[in-house]
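I am attaching a structure below and will ask some questions about it afterwards.
Each chain carries a letter (A, B, C and D) given by its place in the written order, and its residues are counted from 1.
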């Protein structure tokens, strides 16, 4: 029993931290600091614990329905890091928006816990619960600017679509349960190895439904419609959390679900082809939608919503490559990590613009920034270059690995398309830089000013982006070693 | 050991200069920039002297340096650099061009001079590492890195339509280079398939490419070719060039026309020709035809252009067409001749743009619609311009003549027709360059634009020294062109 | 009068699920939409129960309990959001929330 | 010696050039007499060394001086080597000798011009380049001189660059020469391809396959038509008279324009390999001689008359080369250098005396006013007419003779040349009479102020006069292989004929113009060749250029704009789906899901997994 506790320690600490945060917030209602500090503490401890346990062997517990592996540990550590960064980077924004409530913090912690469990779940039902544990706080946080109808609308859209998709996922797992008699990943895997018929329609339908649920979560077109609206409406730090934490957790889970049956088993060839075709076509659609629509956007949050849609497209190239025998998942993981470092910086930077009405940060707010604050311009430029995949930023290496692995698996035409999409979206990333350095400040442009902590967070992420861009060895070396499915 | 240190030295010195530029007071930035780039030029010449002053290629070979540092072992990435008969001269050229560009006075020394100078030195660093790189990915990275300072230069100190022009410039070149990256991936996976390990070093790739048959290599070759054709540029891939040349600040224009275009040349010399000999030979006719076409096409555009900067931009395309003609004659001689002509073009176009800026400073515009008759007011300046014009029409006795003559001589063996077509460019070159000189210098004075009182006087002493240096190179190269052909 | 077959229940549950989905798509009242979501979840519950009958396993039954809990939490959050919306817009019509677009 | 001969003018050029440049920057000006003296001394020294070199020259041998290795590439190795033999030494003598005289003449001719320093620098540059041309032992060296003289000629034609006309005349000369030079370049490529070297010694001996030989010859000849103003590229020479008169005398009469003949003579062994090529050369030469002689009859500008006459005389020389009588051609080069330079300088002193008046119908009766000019001019006139014993007689007669008798010659070449000779006599006599005889037709004051030129101008006139009187007795200066004779018409018949035609032409002119007060004729451009050229080629170039511009704007740039627009458009079209209603999103997602599942089930059915 206590080795179970020992294994689950980081998760348990996180859960305890949630209670603690709730407690301190009711002890002194008027002040938000206690909740904030306890949340920070919780996250730090969780991160440290999961990091120092990182090299321990993977263990399946609760009858194999949860598996704690080095991957789940490092992901949990990443989640706590993201949490820390957004707690630090977000508080000034919350203050400005008058929504600095203690609830924010324990909701955030619950969300992280859900994500942490989701990446550890090896059972469809546990996965469902984790999904909901992650999503419900997300809905609430999206609507956290209670008196702003846009935020409210975002939350409701997110809730309605998310709820429906949750049901779809559940239906899918019911079908899988019906087809295989189990909801445990390993036994489903075993079943697929046994059955030589290459899967029956019931299983196929179920598999597709669960995959679609997570394709929705990662906003692969044509399941992306929710994303721009929710991104725009939600408070900026929450948007940041969605595009980093939730995106990572969901994509990892998506990869797991795609690999649910043993696609390389005999008799499953046509099934595997069908899966590949599906993912390939969705990748194409996501790339096109993301990079074509992004150049039409004026609102920065929407712009990065479409950006993340095209990032999903690139990620699906990696996923596609991972379906070929002998290909690891490391390109996808490295892409996710690299993307997170850039995205955190960008969204925290976005919180630094003073509010102008109820609409978010518009492109015009950036005009003439180089004269108003050159340092911030430099930060923006580096992060945007990383998004565009320019050299000497981590963005280059993430794209590099994904492209390389897909070319290696004979997907060259797809890569050419992706490359051209990268060119198109590069325009969208360069245009802000152009506005910052080439134009004089527009009269309507918002003022910019971030507190120490938010600036600190941005600088940290910029340093990470540049360092990993020059010396990607550490990240690549570690993440290459990680197997996703055992 | 000692040799490899010289390479790292050449690469790090510009970065050092960049760092120092941040502690130099604004007022001294120009002085510092000129001094620093002059020092770097001297150092480069010193470090590469073994090659550039050797009597023959065979003698030079002793000084070639190969250096390969592990960078990302997991991906087989290495920082591979090679100093050889070509890259040595490209290094000298980039340092020289930087010196010329820094010499140009202008708003960039009044508005954020520190940023300008550091951008310049960063550009020099990126150029050097691109010219030296033998590792595909190292090359790609440096090749892309060259954009970054260029974008900011045009963006911050450029003319009015800078935004659209710089985006077009960036996006077109980026499209080319990213497709080149895909081709690199293709080659790397080819190597991986053959040997089972990842490497992006040219020497490794060459080994596995030789086994592949030409049919499969067509598309990768096309990827590389597209990138470099856009960079040089070759007609019809030149759409980005005019606007950005016209809108860029003069130092930017000098950098672009004199040395950025040579990135394409260097890339073709180092990567395309060794990697895809069979493919090139198969499509040689088309390549030669394209080169000849761009010679004539650009020359015709230059004939009808009514702005000094535009005319020089098109003439630059036209001359680079000759360079490509030499490269695609696919013979050692042809490549050497192309190298010679690239040096000539770099020096000449640098000189021309430099002096054109002097004219612009004095009269406010460079329109060629009516004769300005400035030669009588600024005799020295216009003597310089005339010498540059002579070099650019490749009069015998100038560096460019050797280049153009040898290029055509070797191209003639490959295709008489294309050579004759390109020869038309020789005549047209005389037409537009003489018109350029006439409209600026000759005719009756007085029709010149507003002349700032401060600039009524002729070239300053530093400018004269700069011009003398460049003209000296041109004439020395005319007498002893062999020094530039160490490939 | 054929004998009862478990697959009939499956058909029923899928039909109910589709009804819920259609309701979610077609009805304009947010409260009705919430109910539709509940309907979908309960359809899935039926499905689980049927399958565990077919496989003679208990897992399905247990799952249903989990699902019910989650559904409760979900509807709670949903109601909260709808109330917030009613505060802002004095309406629970889904056509009212189309500010965020293109 | 040879090296010094070539270096003196270079030194002169450098000194004068730098000095005048420096003084221009500081705003002071170089005293013309000083710079003129420097230049003239340089030329004199060159002349002396040319004489010495000539004396050292072994009979039918050659002296070679290695200077340095110019460039090597692969199998190609080009040395910078000076080679003096009979042919080149004749040319060096003419260049330096006549050059010295004209420099001397220029000192006082340019004494008022503030650009004198520049002028003399250019003049020296020209001589340096011209010497390179004739002394070069490899084709690239010859080409260096070839384009170098073109440059000097461009600079000197447009010397007074404040008039647009002069500048454009210079540009016209340069560009038309460039067209010829292109021929030269390609001829070099052919030569290298087939002989494996660019050394004249090798290429002379090269034996080219028939078609190649013809194309080689024609390309070389194209170069000659450019440099020596033959059809079709002759129209630049008359315009070139925009330059100072001594320049016209030196460059556009005595030396540069004859370099085409030099090149043909130099390459004669190769040239004579292609009969058809030879025929073209002969034909073009003869026709040029005729047509330009006709044009010359209708000119009013004294220098224009002389210019056209130069072209026509060059036609004679090419006709000679075309019939294989290279020696005769070179002979005529020499005598023509003497008398045409003389005529130009005479014209110069007339213009000088009349303060820039160039219209022959505004002259007349200057015999008494300018005695020296008159008598020397007379010598020149007699020489170009070919009256014995003047120098022109011998050379022209030789040409006519060869044209008739040589194997590659023919009756019609002879005939055309004969008619040209008649016309020559006509227009020269016309000019002669209109300038010096009859009543003065210019304003009184001008006539009164007209005075003989000072000594430095007169001296060259006298010397050249003597040369054009006596120069012919030297006989063929260079012994190039004679063409074997086809028919045996005795030489004296031809002599008589040529004298007769000269007298004939002169008499016609005399009957027409001796009346003293000749009625002014309008200067008519009879064949309107210039106008046609400028319409066809100038217009053609403009049209092509603007067509290219259209392509650039519409096609190249248009394509880029189109791609950008399409991207934007498609982006906006996809954006339309983002309607904002959650339920619409749900519907679209469900449709997508159904499509996917259907596709997937179809696949399974198809592959029998169902």
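One rule holds for everything that comes next: a residue touches a chain if its C-beta (ideal position, glycine included) is under 8 Å from a C-beta of that chain, and two chains touch if they have at least 3 such contacts.
Computed from a predicted structure; not experimentally measured.
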| item | value |
| --- | --- |
| Pair sharing more residue contacts (C-beta pairs) when C-D is set against A-B | A-B |
| Taking each chain's C-alpha mean as its centre, the one farthest from chain A | D |
| Chain occupying the middle, per Cα centroid | B |
| Distance from the mean Cα position of chain D to that of chain C, given in whole angstrom | 97 |
| Length of the line joining the C-alpha centres of chain A and chain B, rounded to whole Å | 44 |
| Distance between the centres, which are taken as Cα means, of chain C and chain A, whole angstrom | 27 |
| For chain B paired with chain C, centre-to-centre distance based on mean C-alpha positions, whole Å | 67 |
| Multi-partner residues of chain A (at least 2 other chains) | 156-157, 160, 164, 228-229 |
| Shared interface positions of chain B, touching two or more other chains | none |
| Per-residue overlap in chain D, given as positions that touch at least 2 other chains | 575, 578, 580, 582-583, 586 |
| Touching chain combinations (by label order) | A-B, A-C, A-D, B-D, C-D |
| Chain B-facing residues of chain A, complex | 370, 385, 390-392, 396, 400-401, 403-404, 407-408, 412, 415-416, 419-420, 422-423, 426-427, 430-431, 433-434, 437-439, 472-473, 476-477, 480 |
| In the complex, chain D residues that touch chain B | 21, 24-25, 68-74, 76, 140, 143-144, 146-148, 151, 154, 158, 161-164, 167-168, 171, 174-175, 178-179, 181-182, 185-186, 188-190, 192-193, 541-542, 544-546, 548-549, 552, 556-557, 559-560 |
| Interfacial residue positions of chain D with respect to chain A in the complex | 567-568, 570-572, 574-575, 577-578, 580, 582-586, 588-589, 592-593, 596-597, 599-601, 603-604, 606-607, 609-610 |
| Footprint of chain D on chain C - complex, ascending | 21, 24-26, 94-95, 97-102 |
| Residues on chain C engaged by chain A in the complex (per definition of touch) | 10, 17, 20-21, 24, 30, 33, 37, 40-41, 43-44, 47-48, 50-52, 54-55, 57, 59-60, 63, 66-67, 70, 73-74, 77-78, 80-82, 84-85, 87-89, 94, 97-101 |
